[in-house]
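Lettered A, B and C in written order, each chain numbered from 1.
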Amino acid sequence: TPLGPASSLPQSFLLKCLEQVRKVQADGAALQERLCATHKLCHPEELMLLGHALGIPQAPLSSCSSQTLQLMGCLHQLHSGLSLYQRLLQALAGISPELAPTLDMLQLDVTDFAISIWQQMEDLGLAPAVPPTQATMPTFTSAFQRRAGGTLVASNLRSFLEVAHRALRHFAKP
Amino acid sequence: LEECGRISLPASTVRLGDSITASCTVSPNCSRLGSEAQILWKLETEPQPGERQRRLEDGSQESTITLPPLHHPRALLSCCLRWENTLQILDQAELVAGYPPAAPHNLSCLMNLTTNSLICQWEPGPDNHLPTNFTLKSFRSRGNCQTQEEPIPDCVPKDAESRCSIPRKHLQLYQNMGIWVQAENALGTGKSPELCLVPMDVVKLEPPTLWALAPSPEVAPPQPGCLLLRWELWKPSLYIDQKCELRHQPQLGEASWALVGPLLSQTLQYELCGLLPSTAYTLQMRCVRWPLPGQWSDWSPSLILTT
Amino acid sequence: LEECGRISLPASTVRLGDSITASCTVSPNCSRLGSEAQILWKLETEPQPGERQRRLEDGSQESTITLPPLHHPRALLSCCLRWENTLQILDQAELVAGYPPAAPHNLSCLMNLTTNSLICQWEPGPDNHLPTNFTLKSFRSRGNCQTQEEPIPDCVPKDAESRCSIPRKHLQLYQNMGIWVQAENALGTGKSPELCLVPMDVVKLEPPTLWALAPSPEVAPPQPGCLLLRWELWKPSLYIDQKCELRHQPQLGEASWALVGPLLSQTLQYELCGLLPSTAYTLQMRCVRWPLPGQWSDWSPSLILTT
């Protein structure tokens, strides 16, 4: 089976990652709740067209999905996906005064999670020497576009984390 | 990046009850529906009929709509597009409605000798539903505030308080100054009537302190039906000439206050007579700057003595 | 303006118990006594004998004195001149004495999930009689704080508090960081022992909330000698895997606490048995991050239930 030796990853690293996934999920949910309560943007499906126009990139997690689960590939994709979301969240700066604290917290936790994975890959000598090509960030030209972008990014991040959480739980199984 | 849809409004703030005409321009490649993209408007969650749509030279579609009179201070306007049987939001704008600020009223000021500042307060007037900035403006003047000499820096109240305190360094305590409050929001400005005052004439005195004079070798015990008293002015106001007033009433029963005054502001010993014997009396005192103009202090805390 | 008299000191701050040599230069025209002006020294109000006086080329007089060891943190030194049988003060200098700061100790830190900041506190050590600045310094580190990666901005406590809180934006919650306190005054610096910690491993959890489970259609009433309970983790810590402990004791009497644990951190219903029938029990619960490292929360407020 494509499964790499799950045991090559320290249990404490996997437990920390699981905790960090849940922390980022909680932050993401908080951002979605506030976007809905404060700006009435509650349904990402209403913003698909705008999302296409803005060109919000998605992060692939094929090596973490159950059919093609592959440990090291999954770690790489997890790290580049988190780096992408960190940059997307940064591009949303100025979303609105009410949401700024929630957005900052989410961005800090996503950054922390990306660093945890990067350092573990370095410790295993698996960190890619050449940084992966970076997707171009959308430019948001109005407060509304930042809020709509925030709703779409939070929704995409939620699905990304669900896949990551399932994979990490699988790797952490003793 | 191509602008997908953009709402434009004549003004983001209008008067409550006014109606507003908005337009939304949708660029061709965003809608990917070719020319016949159907633009729809929503106010909060209510679809708004009656929009007029036209094609511009550059191929984008422009929809214009005149909304019904606004009766809510805040409303969210959405420009949408029907796409694969979903309603896609392309842009949103928050409509803000309210009134120009009423003129603030009941402006009054007191000179506080503890903080050494002139503290003014006012009534802001009815809520106009808009973010409104209040500023206390003042200027020095020779005559009765008809001519304006040097302006005094604006006094900006702390978060939405209806009071502001002008620090000592901006004040000339014995000169006339004109003071008014200005309220400003997106729809206009309101100005309170102007006060013309001399800070020292509006000093707020703290009441004097009243003591009973205990009989002692130097102090003979009081006559029957009399009480021996002493009082001291509020320390920070010792430099101000004042006159005082004493009021007393039997502690029990319904008798109203009896007033004694004017009394000198400084006495070491005062005998109050003409009272009912062996009766408990409640005594209070207050003082005012005198003969120069001033404001009466509050009545002092009660002193209870028995004849 | 011609300098009249000027005291010069090697240093304005010395160690308590040290002695200090000061000099005072008096310009000729100031003293108007011609050459033989008699310079005198006073420490606070005490005249100080033993000064040595000499004339400089420019005609001014210079007096030098070695003061006795200083035993007061503050002392006023005056350079004076006898003039028309008065003692004229020409210059004054404040002598400041104290000790270099002791190394702060008992440094401890907790990660606060409500304020999302790492709050550290320490013991400043004995009073050194000098204005002393405390700074909480920290740096990020990969290993066990042997190597220093990026430094973290200094944390300066609010007016003389012996605690400081490092905001979330300067923290990496799952990485090692080295932390110490530096004390600094005019006479030197003191450095506390260094802590090496991971913020998430020192999270301070608030206790869970304990509830009685009221019997309802879905919930059968408890067996005799049993109690039906429910608890919920502190909301901001829901994402942290935890284990919990329950302790109980009969409300009356001297029985000590009985401990039940480890308990899962999430249960909708728990039956606690083995208790005395129809007895009032005091129940408390606490939780800790587990299996990852963490600190026990305090015990929850008591829940009193009767079997």
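FYI, contacts are C-beta pairs under 8 Å (C-beta built on N, C-alpha and C of every residue); 3 or more make two chains touch, one makes a residue touch a chain.
Going by UniProt, the chains are A = Granulocyte colony-stimulating factor.
If you're wondering where the values come from, they're calculated on a predicted model, not measured in any experiment.
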If every chain is a node and each touching pair gets an edge, what shape is that graph: line, ring, star, complete or other? line
What chain sits nearest the middle when you go by CA atom centres? C
What is the distance in Å between the mean C-alpha positions of chain A and chain C? 39
Mind checking the centre-to-centre distance between chain A and chain B? Centres are C-alpha means, answer in whole Å. 49
Which chain B residues touch at least two other chains? none
Chain A touches which residues of chain C in the complex? 116, 142, 168-169, 171-175, 200, 238-241, 291-292
Which positions of chain A touch chain C when the two form their complex? 12, 15-16, 18-20, 22-23, 25-26, 104-105, 108-109, 111-112, 115-116, 119
The chain B residues in contact with chain A across the complex are 1-6, 29-32, 44, 76, 80-81, 83, 86-93
Would you mind writing out the residues of chain A in touch with chain B in their complex? 39-41, 45-50, 53-55, 138-139, 141-142, 144, 147-148
